[in-house]
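First chain A sits with chain B, and in the next complex the same chain sits with chain C.
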Partner chain A sequence: MLDIECAGAEVEETIKRIQSQKGVQGIIIVNAEGIPIKSTLDNSSTVQYAGNVHQLLMKARGMVRDIDPQNDLTFLRVRSKKNEIMIAPDKDYFLIVIQNPTE
Partner chain B sequence: MEIVYVYTKKRSEFGRQCNFSDRPAELHVDILPDISLAANFTVRDPCNVTVQCAEEMSEHEVNTERFESESRGINHVEGGWPKDLNPEDMEVTIRYRKKVEKDEHYQNTIMQIAGLMEHCCKQNNATDIYQEFFEEEDDEVVEESEEQPSAKTINVFRDPNEVKRTATSLCWHPDGNHKLAVAYSSLEFQRAPNDMSFDSYIWDIENPNKPEMTLKPVSPLVCLEYNPKDSHILVGGSYNGQIAYWDTRKGSQPAEMSTIEHSHRDPVYKVIWLQSKTGTDIFSASTDGQVLWWDIRKMSEPFERLVLDPSKKGNLDNALGAVSLEFETTMPTKFMVGTEQGLVVSCNRKAKTPAEKIVCTYSGHHGPIYALQRNPFFPKNFLTVADWTARIWSEDIKESSIMWTKYHMAHLLDGCWSPVRPSVFFTVKMDGTLDVWDILFKQNDPTLSLKVCDEALCSIRVQDNGRFLGCGSQLGTTTLLEVSAGLCTLQKNEKAMVSEMFERETKREKILEARHREMRLKERSRSEQSREDEGKEADGEESTEELVARAEREFFDIMEAEKKKEWNEERQREKVKDEKGVCEEKDFQEEHETNGIANAELVSYSDHVRNPFYFHNLMYF
Partner chain C sequence: MSVSHKVGTMKSKQDEEEGLDTAEGEEWMQGKTLVKPPDQLDLTEAELNEEITRVLKASNPNAPQNVVRYSFKEGCYKPIVFVDQMAIHFELEGNLVHKESDEGRRLMAKQAEVDDGGGVERPDNVAIKAAKREQKLTNQFNFNERASQTLNNTPRDISCQTEPPPRANFSATANQWEIYDFYVEELQRREKSKEKHEGQFLNKEEDKSKKKMIQAETQNDDISQLAKVVKIIERMVNQNIFDDVAQDFMYFEDASDEFRGEKGTLLPLWTFQYDKAKSLSVTALCWNHKYNDLFAVGLGSHEFTQQGGGMLLFYTLKNPSYPEFIFNTASGVMCLDIHEHLSYLVAVGLYDGCVAVYNLKKKTDQPIYNSRASSGKHTSAVMQVKWQKDDLDSNHNFISVSADGRLVSWTLVKVQIQMTFVKCLRKTTSYNVKLNKCVFFIGLVGTSLDFHKQKDYSFLVGTEHGKIHKGSKYYSSKFLEKYDAHFMNVTRVKWNPFHPDVFISCGWDWMVKIWDQTMKSPVFTFELKTSVTDVAWAPYSSTVFAAVTTDGKVHVFDLNINKYEALCQQKVVSKKTKLFNIEFNPVHPIIIVGDDRGHVTSLKLSPNLRKKPKVGDALILCIEKPTH
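This part shows the complex of A and B:
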């Protein structure tokens, strides 16, 4: 029981650490069904990110595996004028971090 | 040869059902070969025949019917939640989330990917891998590369009605510029067909298929303006002289219309919003010679009116018809009116008496002034577009414009300055071309001349960013064009150079004006001297009536002199005949008497008559 609780606390700690990095604007954890599990942004933005990112991930993963079936997607960075959206995918969950790298 | 088969049917049998029957074949025509024709042909030997081993295919064009599509929005709801869960319910969702968080698999996964993520975040912070290294140099390079000025059509909005009307006026939406309001009407006198629709439209520039909103006035709108302070309010001047205003939130019908008795008597050609505390004041101009001021909250009558009488007496019969108006918010007390007669009248709003309202007039154009606008950077100079030229004026010089374009082959129907570059202005012509003028680059010809459509272009309006412009044509087609970056970015020193140019031209005109004045003075003094010598007191500026009277007097004098001469001659002849015979005297006497009477009458008439009616009678003597 203690282990699980510690693990839960560790997750919290890790997220907090990422949040405290310079320029990070928001973190979202989404599950495979598109349900945002955890988010530091407001609900409407969260839902928007969750929905759009999922589609993008599918496309990107499909593309990588199409070119080389042995390959797989490990990380996706989308750089835009205002910020950078980083997506770390996994089988069941994915983590989205929006960072504004200091210019 | 013609093969004709005559088919007859009795009148009484019309409409009867056809009874078909079989019959054997009939030979109608048998054309036998004519061997003599063979003499026109020779046998070709050898023949070249191309052969290809390929599938024979034929080309066939197919075009589907026009499909009208409409954009609509769909409201998404959060998905993915299990069926038994209501996503709106906060408690349940929180509980679900907490459950997931406790899941071990979740925690492991997150630890893994969070580690990866942290690494990338740190990377970002360590170095900016997308840093622009040669930013400053890039800017300079961009400036030097001079691209050809160009403009391209982005979208074309056609009048959806069957009967096409002219797009007489356009107005961009004040915030965001995503909408364009276009007023449609037929300006040809009494040529509007009966089934012509009166509607005007507001288009969303992204969607040329269907207007975003329809405005339904009582009479077609000639001009349309958005309220710069409140983008939901539009005011329109209509063909029958009424003014109406719309609130786009309330629908297509006008929110209020002015009463017919107090409106204009001719189409309202221009309506402009004024600077006021309430933001509800407008003023309108029409060819009936009046400029009326209205408050849109009370449209029953205008709160001020001005009659454009150049003799300053407020006489409506003498008034000049107004075709365009100009008002600059930085100079709220002054405004200018462009008239049908080719005069620009500058007026002062704050004058106490109507006579003082009209300050001065600028003449020089030969036809109605379709466009009048001050340069947004140099308000002392304004542009007028009329007849076959466009002219730039300075407020101080009233006799002529300081700069003008050459006379074109087609009438210029509208024009405007670019809001971002002081040296650029646009004009549209009756042959459907759009001209972009850059007076710093070329003064004799337009910098860019583009044929937009085959029919006349009647109106043009530039968006506030100077990049997009809309022009409306005679068949109701509004074209949205984008100009190249060079024509809508301010060049360095541009303001200074344009200001110098205007000053230089103004000075030239001033000198010319002074010289003309001197010459006229000299002429006048010379002619006055010569007239004094002759003893007459003719004033250089006689009124037309005096001139007419003088002409009559001179004519009668001449007539008198002629008659006297004849009379003298007759008397001479009589004297000669007297010596010849007495019996003829009586006849002559009678004649003499009648002549004398006639002459006496003539003399009396010429002495007292000033009425041209008598002049007619004289001719019958």
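This part shows the complex of A and C:
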């Protein structure tokens, strides 16, 4: 139990650190059903990001595993003109970070 | 001809009419010539005069003449001679019916009815009707006919409907990877069930684990599962921020080195700092051999007067903004070493004389072994620790040298750490006190220790007085050799990783000296302008080494290229910052230097500094050439 609590605190701390890094605009944590459970952006943006990213992630993961079932997706970067969206999936959750890398 | 006569006789009376007739007759007669049809047979006169007999028969020429019938008596087919010879040419069925026949009478009765139908029907015509219905003979006076009708039930429609079975919509995808996942899970389940059969008391444990699982699940949305993912994201974010640095690290090769002659430069890459370590200075650095981007930093203080706590940090090049592992120690860390094969074991020597071993796999902050409680621990700061090969019982062990003048071997036996005295550094004149077979001298302060790469029983110890002692693990009483190296503290001795006889030493007397172990005097001597705090051989070349000094400069030498001067002398930290440690990365062309502010700076070596010698062992050639 202690381990889980420590891990939770560590995760919180890491998220705070990421949030304070240069150029990071927002962090969203989404659970397996596509419902955002934690976010630093406003509600409408969060919901939009979560929904769209969820579909993209399923597609990307399906593609990687289709080609080789022993493989799995580690992360996905979507670089656009204005910013970069980084998506890292887990078994039950996934994390979205929006960063503007060149400030 | 006769016709013409008749016509002739009436001629006198009807001239005009007869004249026409005669004309017609004549014409008709004239036309009466024989005309042959085109398909008539051409026969000769003889054939024409032939007499052909024609006979009339009573038999039907179309009747079959070869009818056979199977005779069961004789068991064979027998022809029937007598065949019906009647040939019907025309048949017409008539519709006349005889008056007296049944059908005739019926028809006659019907006819009469129809005629009577025009008149009004009278009830006392029963007689007539009775006469018509001749078939049914009934009693005229006493006949009753009754009819009744059964009750027709009103028709009803009854239907019943059963409750439909519960339905649910199910949809799923069957991909190759879903099938693979399922098989993997199935395999795991089978293995678990095998283990279940083998163990008997596992049931209770399973219940406990199930309870734990339930508890963990009820904390739903527990984001502690995200630890790995969050780490990945943090590294990605850092990669983006330090994108140019990462690109430089991987790909930048300074092209101007071609024009610089022999000289090279150091390109600053990342700077690693931890804000809680601001007051501490870097005392030890070590790269991890298994994971080439991970390195350990020991933080403490070199000053005698400013002793406080210490820290052990692990950084990775993938995340320059925050350390991967953080351990707080009670006193300042003076030295550390990472085990060559088991890269999660770290031995740390502290200022208060304790040695500790940390296991990176465990999540706790505490070391797994600590020599605080054991007897025979060092009484003064531990200056260097080095891991050794596992002993015969395959226990891990390491050797430490400390400022109290003793060389001690520590063995990790299960839970505790055991000390085995190896040697003590002795002065020439002192008194001895016997303790447990070992001779205990008040000896010299050992400051540095290094073990030979190939012959790992042979080691070098540098002392505060400037002497270097070469010893062997098998001779615990005496040292094999003694070199008068420096006038002041020897800060580092290191064996050359390629050449078996060469080692390097540096000290506070501004000197860096290269020795051949067979010779009493150094082969090369370099003077740098200030006290040299650390020196390291390069892992890719036997002739390249680098040294750091207290004025913040890094000096890189390549004996193959230039035996007298450094190829690079570059100040890498801001003013008045002293550099204390330097280490080469085993794989990548970078070095890390630690300073007294607690920062670690990584620098990339330019191509001129990275030249690999082409000939086998260039160092031998350098040494054998007459230089001194």
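Following the convention adopted for this analysis, the second predicted complex is superposed on the first by the 94 of 103 C-alpha atoms of A that agree within 3 Å, B and C clash if a C-alpha of one lies under 4 Å from a C-alpha of the other, contacts with A are read in each partner's own complex, and residues count from 1 in each chain.
Everything that follows uses one rule, which is that a residue touches a chain if its C-beta (ideal position, glycine included) is under 8 Å from a C-beta of that chain, and two chains touch if they have at least 3 such contacts.
This structure is a prediction, so every number in the text was calculated from the model and none was measured.
> Could you tell me if A:Gly62 is touching chain B, chain C, both of them or neither one (first, second, both, neither)?
Second partner only.
> Going by the contact rule set out at the top, does A:Ile85 touch chain B (first), chain C (second), both, or neither?
After superposition on chain A, A:Ile85 lies in contact with neither partner.
> With the two complexes superposed on chain A, say which partner A:Val53 touches: chain B (first), chain C (second), both, or neither.
A:Val53 contacts neither chain B nor chain C.
> So, does A:Val24 touch the first partner chain B, the second partner chain C, both, or neither?
Both chain B and chain C are touched by A:Val24.
> State whether A:Gly34 touches chain B only (first), chain C only (second), both chains, or neither.
first
> For A:Gln70, is the partner it touches chain B (first), chain C (second), both, or none of the two (neither)?
In the superposition, A:Gln70 contacts chain C only.
> Which chain A residues contact chain B in one complex and chain C in the other?
Looking at chain A, the two contact sets intersect at 4, 7-8, 10-11, 14-15, 17-18, 21-24, 29, 31, 37-38, 74-75, 77, 84, 86, 88-95, 97, 99, 101.
> Hey, which residues of chain B end up touching chain A in the complex?
Residue positions touching the partner: 76, 78-81, 96-97, 100-102, 104-118, 120-122, 124-125, 128, 130-131.
> Using the touch definition up top, name the residues of chain A that touch chain B in the complex.
4, 7-8, 10-11, 14-15, 17-18, 21-24, 29, 31, 33-35, 37-38, 47, 51, 74-75, 77, 79, 84, 86, 88-95, 97, 99, 101-103
> Show which residues of chain C lie in contact with chain A when the two form their complex.
Result: residues 175-177, 179-181, 212, 215-216, 219, 221-234, 236-238, 240-241, 243, 321-322, 363 of chain C touch chain A.
> Which of the residues in chain A come into contact with chain C in the complex?
Those residues of chain A that touch chain C are 1, 3-8, 10-12, 14-15, 17-18, 21-24, 29, 31, 37-38, 62, 65-66, 69-70, 74-75, 77, 84, 86, 88-95, 97, 99, 101.
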